[in-house]
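As written, the chain order gives the labels A, B, C and D, with residue 1 at the start of each chain.
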Amino acid sequence: MLKLDFHPAGRHFLQIPGPSPVPDRILRAMSYPTIDHRGPEFGALGLKVLEGIKTIFKTTQPVVIYPASGTGAWEAALCNTLSPGDAVLMYETGHFATLWKKMAENLWLKPEFLGLPGIEGWRRGVQAEMIEARLKGDTAHAIKAVCVVHNETSTGVTSDIAAVRRAIDAARHPALLIVDTISGLASADYRHDEWGVDVTVSGSQKGLMLPPGISFNAVSKKALEASRTAKLPRAFWGWSEIIEMNKQGYWPYTPNTNLLYGLSESLDMILEEGLENVFARHQRLAAACRVAVTAWGLEIQCADPAVYSPVLTGVIMPEGVDADAVRKLIYEHFDMSLGTGLGKVKGRMFRIGHLGECNDLTLMATLSGCEMGLQLAGVKLAGSGVAAAMDYLVKHVAKPKLKVAA
Amino acid sequence: MLKLDFHPAGRHFLQIPGPSPVPDRILRAMSYPTIDHRGPEFGALGLKVLEGIKTIFKTTQPVVIYPASGTGAWEAALCNTLSPGDAVLMYETGHFATLWKKMAENLWLKPEFLGLPGIEGWRRGVQAEMIEARLKGDTAHAIKAVCVVHNETSTGVTSDIAAVRRAIDAARHPALLIVDTISGLASADYRHDEWGVDVTVSGSQKGLMLPPGISFNAVSKKALEASRTAKLPRAFWGWSEIIEMNKQGYWPYTPNTNLLYGLSESLDMILEEGLENVFARHQRLAAACRVAVTAWGLEIQCADPAVYSPVLTGVIMPEGVDADAVRKLIYEHFDMSLGTGLGKVKGRMFRIGHLGECNDLTLMATLSGCEMGLQLAGVKLAGSGVAAAMDYLVKHVAKPKLKVAA
Amino acid sequence: MLKLDFHPAGRHFLQIPGPSPVPDRILRAMSYPTIDHRGPEFGALGLKVLEGIKTIFKTTQPVVIYPASGTGAWEAALCNTLSPGDAVLMYETGHFATLWKKMAENLWLKPEFLGLPGIEGWRRGVQAEMIEARLKGDTAHAIKAVCVVHNETSTGVTSDIAAVRRAIDAARHPALLIVDTISGLASADYRHDEWGVDVTVSGSQKGLMLPPGISFNAVSKKALEASRTAKLPRAFWGWSEIIEMNKQGYWPYTPNTNLLYGLSESLDMILEEGLENVFARHQRLAAACRVAVTAWGLEIQCADPAVYSPVLTGVIMPEGVDADAVRKLIYEHFDMSLGTGLGKVKGRMFRIGHLGECNDLTLMATLSGCEMGLQLAGVKLAGSGVAAAMDYLVKHVAKPKLKVAA
Amino acid sequence: MLKLDFHPAGRHFLQIPGPSPVPDRILRAMSYPTIDHRGPEFGALGLKVLEGIKTIFKTTQPVVIYPASGTGAWEAALCNTLSPGDAVLMYETGHFATLWKKMAENLWLKPEFLGLPGIEGWRRGVQAEMIEARLKGDTAHAIKAVCVVHNETSTGVTSDIAAVRRAIDAARHPALLIVDTISGLASADYRHDEWGVDVTVSGSQKGLMLPPGISFNAVSKKALEASRTAKLPRAFWGWSEIIEMNKQGYWPYTPNTNLLYGLSESLDMILEEGLENVFARHQRLAAACRVAVTAWGLEIQCADPAVYSPVLTGVIMPEGVDADAVRKLIYEHFDMSLGTGLGKVKGRMFRIGHLGECNDLTLMATLSGCEMGLQLAGVKLAGSGVAAAMDYLVKHVAKPKLKVAA
């Protein structure tokens, strides 16, 4: 029989940019007994999480919760709002933007892929002016939606969504704005309403600290209207019936009860800490991580400091070093998982996740594991990233939190 | 803050026909730490569950596991094999067959709905001869698929799938056979290969004793071939990429890691007990339940003893008694959840689930709760169903199981 | 490797009079991470449970919590208050009273054992007038303590402690009153202060619904004073240092942290339900159980209705029936554990526990298992206890409880 | 209601020398349902842990398992083997040796306390030659037992028990050798049989990685014989009845069932890793920790490299620095618990635990937290301990372990 308690002595460090480590509190909540999804207790749970999740998206509009992982919510965003043959303007920020574009093709849409040439586009955020220019050229309004990734998980770049909104407005173009913040939500500041996003796509296994299996569509009034005439076939993903039943806290089909328990706990944890405090914690840890990479003399995948991700940091290896060999070595000797380079940057870089259930000492453990692994791999380092990060953390020491409350 | 540990003193009895009670072993397995879904350990987990689940479907062909609840797997079965405008022959066994038909319409298919008239169709299994006759009439082979529900959860009828296969063969019709056994799998005998089923749809929250959130498509060679030319748009549900990556134990997108831990444990539990023993246990408990209903002088929803469900029993109320009022009373006074009547039988009957993690004393508790609730509701009973069920169980006493193994 | 998830399909029914089934809420609480027992968070936990447990004992005086099982708390009560050679008056209510007396001998005390002759004493409560008479005869006040068992777990008799207090007072005797309510606490009404008890001994694995491993001494002012001059050697059990450190929420040595988490949760559960409601629930279920035994035509071990235990019911087998053979049969065929007959009543009776995490349907499952097992064993029954119990429960139906709270 | 999920975002680092962090595997095992401690399944559990724990003590003789924390096992060792007024030779290695001596006094024994003068004795191990000399002087054999602490938790000194054995033998003295390895067991090599120890005392919450609540006496034939004539009163702690019932896997009173589940899992974990591998892991991490302390320019509490503890490292603060102020600062800013200085060294030093569930990155996190905290506290450091420790770990890199097993 396969043993699932895999790890050797001591705790595994799961420092990929998601799924992120699930806190014990959430694992415990997920072990509450499954209840009747048509009973009165379920309604109370449903109403709570449906209301709470709005706070995280910074929206007062409906958020649809799917009993499915994030890729499904990508599909939901497209098939609820668009019709076969519709042109959509997508932007190549990295591997996940590329996968989303491929999905659009599979769903009978006509994606047009903007982006900077070559690898350069994978090191910078969405160039809003390119979107503006393209939309201005689309005088016939053939383009029905602009799709961008907020936090590109494959590179560690967090694009400026407000700027994209301004670009669309400047072009006076009616296209919907559809944003993927699967890995950004609850780690990086995100404002569905303020930024005028029409559909925001997200998932559970990143900043929300849940296992994978739940995903989201936050839906604007304009998107809802579009869904009434959109012609792509849809059933499981269809918004209207879900939103209708959600009013009482229920779902038209069986929801993912135990993961909703986890979501309820996650919301409690995040709102107890304070959403802005959560963002500040991520920013501080990410800054310390980048200070370390710089001290090592290595390059950060994100080349534009204005769009550094608070969620993860991509670390580029020197010429001739296989990033995956370094990862494997770290995995085997220090029991830590790092993210692989994906697509165009395969083997060139690895990714350090510092999201969700992360704090100063977990980050220091992570950076120590990287530094020791790089040394074992024979990578020449300019200096100690660990020392630099400690220096940063001490200089920007976090305020102590009250831990005991009656 | 909402309290999620809802229940008053003592254990709640969740006797709906799914989600069924999740055993502690599975809840504990689901609390293993989430791991990197691209790491070596995940591959071992993936290979194990992908292989094990085939045993449950009695197939040697691929079983696709979706990180989504059962309704999604319905959609997957249709959109992988069919093209817009395709005619599909569906059979009205009850509420879920009706919902599936509605989904087919939403997905641009042309379902034709066979069935016995009125409520009668909801009390009997699929009439294979009606299917045979209809297919024989379809000389042009316009019908691309026959879709039937194996265990109709809304009525407690388990149709004879082998007979449907014979009907299609007798008509020498090339239509695919697509079967929903969402609530039958791992409780009622099911034979994907032997019965020549092309796509079998199932879910996690019934006989597998998991929370909702995982669903399945078992896929025949013929179905796979059909998927190569089927034209309905699909991305998240697409088989080919998943089956390809599954060969190494991975998924193209983030799988539902913690529910897969649960599935691994569920497989261990079921295979330890022995699949045929699991079926026999369900048959025996279901028989005892029916003996009780009969002793009460009440009618069983399933009117054909040949297709009684081992999973649940529908209990029809006497004229003038609101089944939901009885359920509410039982819920409030005896802390037990029963299944409501759905669709055409709303208010006329309730459903007793006796599936998954169920044994003699849990069934007796359930029947006691029903009997006391019916008395409280003022329903005149012919006799004690509890006494009759005890009598049945004692006469058909189960062989003791060895519990301690080194 | 030994498999610890012992049980076959379905939930085991643990219906012994303790350890009682541990609710999931408590098991989850016990899995909180172990913390520094000298840190600030521990102090908050300590103060909470030390205060809360007083409510359960109905005392305002100190309750000492030991990281040890109940037998240890027996020893603690004696060695803190007495000196070598001290005479103690004990009363034979059953097996546990007998074990306690044996312990007193081992601890250099001189126990005198009162009681009714033969088996009769095991069927009735403490005869307070015998204690009064004996104390009146002890004009030299050689007797230093009166030790009685409140709820005798081996028989299901709950003695009248207030009457014992009155007896001591009537005799104007200065002896301490030491009471064991290991299996009575939090199930049967108990009033440490009002009844003038000097030391009350209890444990965690009964009405408190915790696993074994924690035990208690509630201590009166008079007992504390006695401890200052008592000469029996003591260290681990010594009250004074513990009570001193408890003022800040700490212990002189390492406390049983994770069981204290469980205790904290147990207190929340009991006080949410309301202590008097907990008592009423036990009384009602016990009454239903006795109605069943009577309907079977079997005798209840407790022969005096005034002292029936709300915690457990002893069931006497007809001549020639081996109670343990019946228990084994029930265990093997219906996966239920019942309590064995102990000491003088070994093989003559078995014990049904209906304490702690118990409700109507759990009791009905239990009684069904007994009735079916008795039938399998060939025991002639006068009638159906199950039917009688259902009748009782319906006639005395419990008020529904509100389950969902914001 | 008190919130027990105390900690702010991210995992707390519990780096005190026990209770050590409890691995999830053990917490899960502790949540198995409590069973009948008189049923057949319990016997299998009992036999397994009673056999397995012998491997950890390296003995073939009985190991008594108490449902009580470690201080109780101290008492058990004394009261089972000694009589009132017996002289015992104890050795002052630190705070816990001092507490044990105080306990001996409370138990009517006459302890004689050997040791080096002043603080010096707290920085070195047991001086076996002092014991030898004293025993040689005791020609009347008034001394009945020699009591020493193997791993002194208050200082981080692991004394040479084999040397003590040789000293007793050299003196040809019949005294029993009683050893406390509460914090050493399963972390530091220990050989009950080979070293001729008569009673070894230990507990659950250190190298065994359990919560507190279980403790041990490993008992030699000679000790068992002594217990037959030893006159100290005893009941709960009495060996003979326990050892007798343990032969079938049971206990005379209610054992600590759920902690025994944890012990079973702990044994599986330790024996899977290999006991010698566990020791080597502790030695390597302890060495890295000491390298860090030395690099900081701080002194290690243990002044004799031959007896450095693999379990914990005591770090002496420079003159004028309050160790507890540093600890508080680290606790509040970096969410890490360190051990306080006890007794004679209160405020002078703190203790770093690196035992049980510890690995390279957890140690690095710990050392980073110390280094940052020392900097925040304004302690002048000679250099980076973190850098030195990383250097050590890389140079002595651990062999990767196979993690996935079928």
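Observations on the model:
Keep this in mind: a contact is a pair of C-beta atoms (placed from the backbone, for glycine too) under 8 Å apart; a residue touches a chain by one contact, two chains touch by 3 or more.
Please read all numbers here as calculations on a predicted model, not as lab measurements.
Between A-C and A-D, more contacting C-beta pairs join the chains of A-D. Most remote from chain A, judged by the distance between CA-atom centroids, is C. Remark: chain A and chain B have CA centroids separated by 34 Å (rounded to whole angstrom). Each chain gets a centre from the mean of its Cα atoms; for chain A and chain C, those two points are 53 Å apart. Between the Cα centres of chain A and chain D there is a gap of 45 Å. Residues of chain B in contact with at least two other chains: 2, 5-7, 21, 24, 28, 31-33, 41, 44, 403-404, 406.
Shown here, the protein chains touch in all possible pairs. Note for the complex: chain D touches chain C at residues 1-2, 4-7, 12, 14, 16, 18-22, 27-39, 41, 44-45, 48, 66-72, 74-75, 79, 84, 103, 106-108, 203, 205, 211-213, 232-236, 238, 253-259, 261, 264-265, 268, 331, 337, 340.
Contact residues on chain C toward chain A in their complex (touch as defined above): 24, 28, 31-33, 40-41, 43-44, 403-404, 406.
On the chain B side of its complex with chain C, the touching residues are 2-3, 5-11, 13, 21, 23-25, 269, 273, 278, 281, 332-336, 357-362, 364-366, 368-369, 371-372, 375-376, 384, 386-387, 390, 393-394, 397-398, 400-401, 403-406.
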